[in-house]
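Each of the next two complexes has chain A plus one more chain, namely chain B in the first and chain C in the second.
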Partner chain A sequence: MRAFFRRVAAMAIKETTHISRDKQVIYMALGMPVVLLLLFGYAISFDLDLLPMGLLDRDNTPESRSLIQAMTASDAFEITKHLDDPNQLHEYFKNGELKTGLIIEPGYSKSLKRNETATAQLVLDGTDGTTAGIALGYAAGVAQAQNLRNMEKLGLMAELPIQARVRALYNPSMDSSKFIVPGLIAMILAIMATLLTAITVAREWELGSMEQLFSTPVGRLEILLGKLIPYIVIGIVQVLLVITIGSILFDIPVKGPLYLLFGTSFLFLACTMGQGLFISVLTKAQMVSTQAAMISTLVPTILLSGFMFPIENMPWPLQALSYIVPARYFIDSLRGILLKGNGFSVLWPDILALGIISLVILAASTARFKRRLD
Partner chain B sequence: MNEPLSISVHELTKRFGDFTAVDRVSFEVRRGEIFGYLGANGAGKSTTIRMLCGLLSPSSGAARVADTDIFQKPEEVKRHIGYMSQKFSLYMDLRVEENLEFFGGAFGMWGKKLKKRAEYLLDRVELLDHAQMLTGRMPGGWRQRLALACAMLHEPEILFLDEPTSGVDPRSRRNFWRLIRELADEGTTVFVTTHYMDEAEYCDRVGLMVAGRLPALDTPSELKKTWVPGRMFMVRGIDSTRALSLKRRDEILAVESFGTGYHVQTSDEVSSPGDMGKMLQMDKREQVEIEEVEASLEDVFLRVIASFHKDNTSQEDS
Partner chain C sequence: MLHALLAVMVKELRQAFRDKRTVFMMLGAPVIQLVILGYAVNLDVDQIPTVVVDQDKSVQSRSLSQGLLAGSTFKLMTQTQDVAWAMKMLDDGLAAVAVIFPPGIGRDMANGRPVQVQVILDGTDPTRAKIAANSATQYFNNEAMGLALSRLQLEQSRRGINIHFAQIRLEPRTYYNPTLSSSIYMVPGVLGMLLVVVTSIVTAMGIARERESGTMEQILVTPIRPSILLAGKTLPFALLGLLTVAAVLLFGSILFQVPMRGSLLVIFSASLLYLMTTLGAGVLVAAITSSQQQAVLGTMFFVTPAILLSGFMTPIENMPHWIRPLTLLNPMRYFIEIMRANQLKGAGFSELYVQFLALFGFGVLFLFISASLFKKQLS
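After this line comes the complex of A and B, so read on.
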């Protein structure tokens, strides 16, 4: 057993020396996560931010202006064009100058005063489904609030019979970065971890040093563990880096216990690095394994992890597939730890799943790792 | 030759699909012996070495290395042997001492013991002053010596060296062989492959490998006696018609072009360069040089290959 640890240590020291001599690996390991986080953190947003809106106010009364003001009160919409004709919207939607239009017909205020149904028309550019959906929800909310206020003024009814009081817990301003950044952290860690380890075994095959290694009593598991250890340390540094930047730039809190944050990160790194090793063991070539690593982490981490698309809405085969994607469990626990302050009692199923996946992948790599040349 | 057996191989065979890389090879190597394995590229030298090192599983036959069955306990074999693979495979981005420390650790060595052993070996291979050097910056001959030191760390009983001197300059090669001789004298068995014929002369015994078979195996001098009997003269300054005309005489056993002239092998009756000159019926004005030479292993190798192919063709014909 002592010999086992000595050999693992020898491998780990050697691997650390390789890394310390290779500036590219260091730049990649510490620079790439920052670049990716900034890039994606600012690029991906589900919040409406000054969506250009065209306005045609044919009523032009205090009531209609009150509606317009309500619409533009937050920074969701911004009136950038005043229209003379509703048909102008087509032109502006086509050239992309406008995304929405608000048309208030004459008689809006009269209908309101007579307690009849008053109509204001919201027109949306449906080609961008996500934005249109969010805009629609927002506008509906504004209209309802406006209704209540008018009814109150008329002294008709102080409250609606059923009133849904919407309050988004853990993310009161419904800030999408709070939702995205944990997923981003998982994606960045997954890419980096798989890439870094996918190269390492393949490189030994290409250099011919694998043959020399095989002539020593070093075992397969010892080779894999020795290679894993320094990269896990790098991975933990990446976690620290990304969480720090996340909390500074995107106001991501860390409400849960730190030991859980690092514990789940460690298990997730073990899964993704194990995946990289597995690829490396199979392909034995650096070029192929790099590409395989990119595809095999990016696609599932983005599509099947709940990062962007809710797993509950997927058809059942994809849902089933998502159970073997480690990012699914990691993103869930990250959101829990960072935003909700969840503890072990809530997160243990995620932790268990990550533990099982990492053991399975490491076992599979060891099994597929032929210690002989034939 | 009362030393115990280090390696014993019986009918060892390795097939890759339809291709037989090593074909029923048998030999024995005693402790402290330098056993040379000679052959062209692709003759099966590396395949044999890899099987004996427990890196490749043999197809059939039997073999024991350091009293360990390579079929049953290939992993156990690795504890007793040092191996230098053909492709240089130390880590170029590690320093000299880091390579030694790593391979020591791979053999389960640690701490002071490893440090002392590494220092001793660095001294042996004359690299002690360069322990801090990056391996990739060293010339080929130094790397080879470092690789040897790495293979020697765990004091192996047997060293397997697969073409250790390929791509190394002649002086480094000579130094390397001196080192190997010293190790053998201290009791290490050395199994070495090479395609340099002159290097084979340093070996106690030489096996010649042709197309997976081992048709000749003996000490260098016995090989020469058996395969190139009689005397050998180096003749320079004659043209090919003259050389071929010699072949008709009974005393002449063989004529082969060799370097800048011809190696003429004769029966013992031709006892001096003068006798040889008479047979050539030289004109006085001709500038012909004749000297008696010792047959080289290259002569042996050519004969072995020729007879091997003749045997094989006649077998196919019958």
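After this line comes the complex of A and C, so read on.
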């Protein structure tokens, strides 16, 4: 047993020397998380912010202007073009200058004064369905609020007979960044861990140094564990880095216990690095293993983990596939730990799943890793 | 000269296709990614898991909760009378919305007194929380207005007068994508990402491998000039890139019914211009790195911000003002804009000339910088 640990340590030292010789890789391993965090934290937002709107007000009365003012009162829409003809919208939608249009036909105010329903047209560029849907919901809310105000003004209603008091837990201001950062931690770890480990074993095969390793008494498991340890240390440093910067810049709280945070991060690293090892054991070439790592990690981690896109909305084959994506469990437990303050009693299924996946993948790579040369 | 170029291209293709797995990675992977992206990227929020806490159990509270759940936005998980239980469900992630009808609201509503309904949201997913908030608020406001109007009418008929109330109605009209599907929007954008993966990374690694294994020196002693070498190394991947474009167009229209309202000429000329940039970026990374590991990390360093700042996943209009100018420096942004506008809206060169000019400018710039760096490194 002592010999085992000694040999694992020797492999780990060898691998650390490799890494530390290549300063650029270390800079990238520590620089990339910071860059990604800044970009993701600020760039990803599903909140409408000054969506460019074209306006055609053919009514041009205080009533129509009051509707326009209500639409642009908050920062959801911004009138950037005044149109002469509704057909101009097609042109502006095509070159991307406008995303919405508000058309008020003559007679809008007359209908209102005659106590009839007055119609305004909201034209949407539907290509981006999500944004169009949010814009539509928002505009409908504005129109409703106008109606309520009109009722109050007419003295028809002293107070709303039913009031909905809406309150958001865990993230009261509903910031996108609080949602994105936990997923980002998983993404950064997954990319770095899988890519780096996928390359490290493949490189030994490519350069022929694997033969030299085989001529030493180091066993298969020892080679693999020794290769993993330095990268796990890098991964834990990345977690610390991202959480520190996240809490400073984006006010990401850490409500749950720290031991769970590091415990789940460690298990997740074991899964993704195991995946990288498995790939490089199978492919033995850096180029192939990189591509395989990108496909098997990056895409599932971004798309099938609930990072940004809700798993419940996916067709069932993809939902089923998401159960073997480690990031799914890691992101869920990170959100629980950081934002909700969940403990072990809530998160144990995630932790169990991560543990099982990491054991299976490590066992599979050791089994496929043969001490012989083809 | 042509002979030398062909020789390098043949060598490059042979090397790439010698490993069957590489071939699969380069041709199969884009299709897999396209399929997953097209199906997985669905930001439509509906069926939000909801727990209803009905402490009143009156006709009114039951009809309100049924009305709220009638649409597809909310999906009832359980109904309870225990607020603490509902909060526990939010904690455990079993529900994302709790709607609380406090005791006595049925009686108050019947007596014409105003009542309050509480809607408590799990804010961890802000998009879902906002949609839930909007939807619930609009539903209860509508109910409130309906109630107020019917009380008014009752009052009026009692007094024998008749007042109408004017309502503003917003009539939505959606162009190009009336069902607001997300996949037909995502698929044209996917190409911008896939082309980088199949061209930039492969080129960068190919050159880095040549240097790592020392074969670059062997090529240098042959009479092949650096510019020919560079062209021979990149052209095969440009062809591969165009194949990817064709495959994505084909699969996109078969699997996701992405319309083709524009012209193929626009698509392929934009793709060629964009490939100049992605291949140039690959050579650039290879020129400043010295191993395959570095080359991979280096391309990731360029690619991830490029994807984020391209408007591929979230609209550029939603980004903070200080970030938006950065997107102007991103060739992927222009390519994705062209692809979407052409395929979905039928926009052509006359509407998209700004984007084309930008792509052309970046293509020339990237090729020029990378070629001069590559030559400098060889000599």
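Before moving on, here are some points about what is shown:
Keep in mind that, in the parts below, the second predicted complex is superposed on the first by the 328 of 374 C-alpha atoms of A that agree within 3 Å, B and C clash if a C-alpha of one lies under 4 Å from a C-alpha of the other, contacts with A are read in each partner's own complex, and residues count from 1 in each chain.
Here, contacts are C-beta pairs under 8 Å (C-beta built on N, C-alpha and C of every residue); 3 or more make two chains touch, one makes a residue touch a chain.
Quantities reported herein were computed from a predicted structural model and do not represent experimental measurements.
Of the two partner chains placed around the shared chain by superposition, chain C is the only one that A:N313 touches, whereas chain B remains out of contact.
In the superposition on chain A, contact is made by A:N147 with chain C only, not with chain B.
Within the superposed three-chain model, A:Q212 lies in touch with chain B and out of touch with chain C [touch as defined at top].
Of the two partner chains, chain B is the only one that A:A9 touches; chain C does not reach it. Counting residues of chain A touched by each partner, chain B versus chain C, the larger count belongs to C. Of the two partner chains placed around the shared chain by superposition, neither chain B nor chain C is touched by A:P62.
By the document's definition of touching, both partners, chain B and chain C, reach A:D22.
Residues 22 of chain A are contacted both by chain B in one complex and by chain C in the other. Against chain B, in their complex, chain A makes its touches with residues 3, 6-7, 9-11, 13-14, 17-18, 21-22, 207-218, 372-374. The part of chain A that touches chain C in the complex is made up of residues 22, 24-25, 28-29, 31-32, 35-36, 39-40, 42-52, 67, 89-91, 93-96, 99, 111-134, 136-141, 143-148, 150-151, 154, 156-157, 159-172, 174-176, 178-179, 191, 195-196, 199-200, 203, 206, 283, 285-288, 290-292, 294-295, 299-300, 303-304, 308-310, 312-315, 318, 332, 335-336, 339-340, 342, 346. Taken in their complex, chain B has these residues touching chain A: 16, 50, 53-57, 74-75, 78-79, 81, 83, 85, 87-91, 93-94, 98, 101-110, 150. Residues of chain C touching chain A in their complex: 19, 21-22, 25-26, 29, 32-33, 36-37, 39-47, 64, 90-93, 109, 112, 114-131, 133-145, 147-149, 151-152, 163-182, 184-185, 197, 201-202, 205-206, 209, 213, 289, 291-294, 296-298, 300-301, 304-305, 308-309, 313-315, 317-320, 323, 337, 340-341, 344-347, 351-352, 354.
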